[in-house]
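Common to both upcoming complexes is chain A, partnered first by chain B, then by chain C.
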Partner chain A sequence: MKNTFRQSMSWLHTWGSLWFAWILFAVFFTGTLGVFDDAISHWMRDPLAVTAASEGAPPPDRLQAAKVGQAFLEKNAPKAEFWSMGLPNEENTKLRVFWRDTPQAEFQDRELDPVTGEDAGPSKERKTEGGHHFVHMHFEFHAGDAGIWLVGVAAMVMLVALVSGIVVHKKIFVDFFTFRPGKGQRSWLDSHNALSVLTLPFQFMIVYTGVVAFASIYMPAAAMVRYNGDLDHFFADIQERPAPRQMQNVAAPVTPLPDLVTAAEERIGREARVISVSHPGDASASARIFMRGDEAEMASRLRGSNGSVQFDAVSGEILDTEMPGEIRGAGAFSTFQSMRALHFVTFGGYTIKWLYFICGMAGAAMLATGAILFMVKRRKKPAGEFGASTARVYRVVDALNVSGIAGLMLASIGYFWINRLVPVALPERETWEIGLFFALWFLTLVHASLRPTMRGWVEQLAATAFLCLALPLINMLTTGDNFAAALARGDGEAAGVELTAMASGLLCIVAARFVHRKSLQAPQAAKARAGKPGSAVEADVEAEAA
Partner chain B sequence: MKSASIAPQRPRLAIFSRVSAAVFGGYLLTSACIVFLSYIIPIRTAEAVLTATLLSFALYTGAVIWVFAAPTAGRAWAGMLLPTVALGLASLGFYLATGSTA
Partner chain C sequence: MMQTMLNVFAALLLCYAGMTALCLAMDRHHNQVLKRAPAASARQGFRWAGWLLLALAVVPCAWAWGLSIGVIAWFGFLSAGALALVFMLPYGPRFAAMLGAGSVVASLLMMLIVKVST
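Moving on to the complex of A and B:
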């Protein structure tokens, strides 16, 4: 390998990025939709039905909820290693209980009536994962630990691609001001460069803070060695909280949790939000009660607690109190918390969310233009990297490009339609919604492999445009609600979802028309090029991009 | 384009070896690095561990870049494994001298 550093980096940038471009596009695209997960969930739960259901309901009684929740867990999860309860509030009136039998086991959960403690069962509400679907897609593809590792590897590839990309594009500052439209491959390269350079700091930030958020899974070596494999001890130590207590294997009942809720609310002066109990039923049991944050206050800061109180869960004695806004830990922990906040956009409100939305979509576009550029270049002049099977590999790359980019967009807006079309009473309908999302995405891959590449692009983009533009229509037909009515009653979240979908639909029409015109021009362009081989533009492109 | 056309001339085994050196060798080196750093950064143990861990992904990225810039796959492996062993031995020394938790 007698290559210069830049040539090596160019090889790495092209081939490393290509095989992960579709995964990374999916991570960026769904993660960017996830910026507005609350608004999407709000729209998907059907605001009119939620309002109708909550009218006349009594205000949430947190003490009663804690009482029936504890009774449920003592009866149904007596051997659990960990309990948790999400107490009801005005927006979410159900009591949610969670438990797991061992630290490695998956969490089990139930939704309960907060007054009677009975399993809430099939509700009249439109049960949905809502916007969380997109959030989960972007960090684990709904595939648990395997998905988390896949996304972790893809994120590392992206960091490497960003660094190698900077090396490849040495004229980075000039590239930023360079855009030559209507020049085919050159224009794709220009747009890839402009998008990358413009949002480079954002891309570095979002990828780096993303892997850091999962550092205890991805990079546990230092904590494992220094804490003898006990990561919980490390977490407690870094947050300056009492060390986790060792199991004593001595049976001891959990003290009534409503008393702890009362004590915590008195101490902090805020509503309790979540109760967690470690080692319930053992003499070592401890409980921590987390308080509700004030939204305006949370939006104005990067770190700091919402307040929590830790108790001995047998005696009820207070072990630790963290006041709202209190900052624990020193520089490294503050850095870590700030990085998490930067990734999860917990600060700055809607202004910052929109900035993230635009930068995130630019990142997705950077990945899409890169993957398209790879094929545009090879359609013009096959490089024969795969010997006799080169044409077949190109065809696979083309099909993956269409379904990985246009197909994912189609399936994502399709998810909104699925939400409105799957019957409200269907058991486990939220699982059906996600299953149908993946089925639709798979269908786009089938379609992309059957259709000629350019037709595949046009048809999937056109279908996406239709689903985006007609979203208010299907909403009106199924729930009777629409963005105009939502605006009239001051529901900006629900209206925003539909207006954003329609604006995206218009962009998809532009994209579909663009590809359609290109596919008509292609034969003429090939003729024109044959007349002047090795033009200045091509030489430039070949020298710069690989 | 030049570099892309180099690909088929490279023996597949060399590419596979280099990718493995980057993914696995790089991960081992990064892990050894952050354990070592957690011993020598002179702040509270938990903070030193977290500081090293926050740096880890930058170190890993650097290691991968270096692997692909190295002249041969063999050199790339050596560049990952030799420092890993050295840092591992140093950390073992710290471990035996101070105990696992500070």
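Moving on to the complex of A and C:
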């Protein structure tokens, strides 16, 4: 700890942030890619194969689908505690069914033919987690509750870093527009400051709402005590929905679900999208049917229902109707809903998504420049914080910087290649994709620890640039599709993925060239410094550090 | 669709122009662009123009999304406009400033088109 308030904040900002910088960079980078998760999933499922598969398919018949779905679940999951069905629509013509046997069990799911109810089997399209991989990565690192807690701690550290950073930054307004390139450490600090100050409202909002979105996991105590551990009851209460019904352990068949779909669609005047049934087969069974939202309407509001109807699933009696646009719950829940909407960008359409993308990438760049600045400062003048092992610790930080920043970008674009290269028929291919993503990321760490730091940067950035720029090529070779063809048929999502990748590739080339030049200059600069009288001490320290 | 695009670009350009004006109200950047210190009156003028342009940017946002979502979008455009300016300024100070001046004209034109066509 240091003596003045600003100095102690500076200590906190540096050392508090450093150890979390790589986790936070991953959270920001993958979360920002996740803004376009639908577009990425669309590209990864291979739009041509999806169109080919749905060609000649009859127009979606939701009643028939509900009938065959119910038959499938009654036969294959009679003991389940919960069923759910995603009804077919124009874009996704399959019927998707989900169930779980106990509230703790994992969901199982199948894709069915919506007319015959046959297991659609290995489909022609690529089974993939698509863009959801990035979304999951950013809030749990695919590690379940442990990951959620890790990200939660990192998010709190980020909030501390934002506040302490404002204190440390002496001249927010004087330096508001200041960026001085080509001045080494000065430039890194300038860009770190500019990136964070100019997007500060977004950074606070996105981190805070991210933590709030998981409030029921991070701060469950009050609800657990008040509701005796029954969080479903708690959620039903704050949403002003009927309380969940207790199991009665009296067998009773589920009423035909197509009738409920008809009733719900009549009542709301919209297409049914999802059916969920709690306690199927028990006398306490209830079903809720959720309707499809209107995209234009969803774009211009933060919260409000898309409409849903709850039934007694045995008698078919209507228990609750929520009309589209209806806002349930008191102020606290409404605030919670608004914050979630702010975090998940459920509003405003593509423009707002792009603004989130820009600000999110600025956040990632802020973390990257901060972590790099730490080492730029110490390469120039080692601070010897760790005594004799200082040089070793610096080397570790350098390697983590390379693989945490450049390596993650490499693995992320690599994930798109993996999607195209893993055989379509491979069982559990979606798990393979994610496993290979992590393997690739790990390899970048191995590479970064074996290569000299600057070479590590250049090589990983160059590899990332290559994978980005050649993405349309591998797509053309594996699926025959490419962005030009996608644009020609009006598929902006598929084209957008490749065009954005290529633009990112160009930026990576610029970055790689920049580091390459620096690495050529560095030895000369060191020699020049060593030649000057008076800097011999500094050179000695550097030699010791190296 | 066309109108939304016009509103989007008008908001972005107004934010960029407003940030440019605020930037020119500062001695350091005024000197960077125009190679001389600003007169007190010019400093005041740029400052007023800057805040006015930034405030005006709320209007196309509200036209595109309504006020509640519009304000959220406005914050995003403020950041985007400022980022564009700051990272362009050192490489082409005069170009960045001219672009700001052009943005005022272009954004007002776009708003006019939106207004007339509704």
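Convention: the second predicted complex is superposed on the first by the 522 of 546 C-alpha atoms of A that agree within 3 Å, B and C clash if a C-alpha of one lies under 4 Å from a C-alpha of the other, contacts with A are read in each partner's own complex, and residues count from 1 in each chain.
Operating definition for what follows: a contact is a pair of C-beta atoms (placed from the backbone, for glycine too) under 8 Å apart; a residue touches a chain by one contact, two chains touch by 3 or more.
Please read these numbers as outputs of a predicted model, since none were measured by experiment.
Asks: Could you let me know whether more residues of chain A are touched by chain B or by chain C?
Replies: With both complexes superposed on chain A, more residues of chain A are touched by B.
Asks: Which partner chains sit in contact with A:G348 here, chain B, chain C, both or neither? Use first/second/both/neither.
Replies: After superposition on chain A, A:G348 lies in contact with chain C alone.
Asks: Please work out whether A:G144 is in contact with chain B alone, chain C alone, both, or neither, and reply first, second, both or neither.
Replies: Neither partner.
Asks: For A:R301, is the partner it touches chain B (first), chain C (second), both, or none of the two (neither)?
Replies: In the superposed model, A:R301 contacts chain C only, not chain B.
Asks: For A:V160, select first, second, both or neither according to whether it touches chain B, chain C, the two together, or no partner.
Replies: It touches chain B, and chain C stays clear.
Asks: For A:A362, is the partner it touches chain B (first), chain C (second), both, or none of the two (neither)?
Replies: second
Asks: Going by the contact rule set out above, which residues of chain A touch chain B in the complex?
Replies: By the definition above, chain A touches chain B via 1, 3, 5, 7-12, 14-15, 153, 156, 159-160, 163-164, 208, 211-212, 215, 218-219, 221-223, 225-228, 233-234, 237-238, 329-333, 335-336, 339, 377, 383-387, 542, 545-546.
Asks: For chain C, which residues count as touching chain A in their complex?
Replies: Residue positions touching the partner: 4, 8, 19, 22-23, 26, 28-29, 64-66, 68-69, 72-73, 75-80, 82-83, 85-87, 89-91.
Asks: Going by the contact rule at the top, pick out the chain A residues touching chain C in the complex.
Replies: That would be residues 174, 176-181, 194-195, 198-199, 201-202, 299-302, 342, 347-349, 351-352, 355-356, 358-359, 362 of chain A.
Asks: In the complex of these two chains, what residues of chain B are touching chain A?
Replies: 1-8, 10, 14, 23, 30-32, 34-35, 37-38, 43-54, 56-58, 60-61, 64-65, 68-69, 71-72, 91, 95, 100-102
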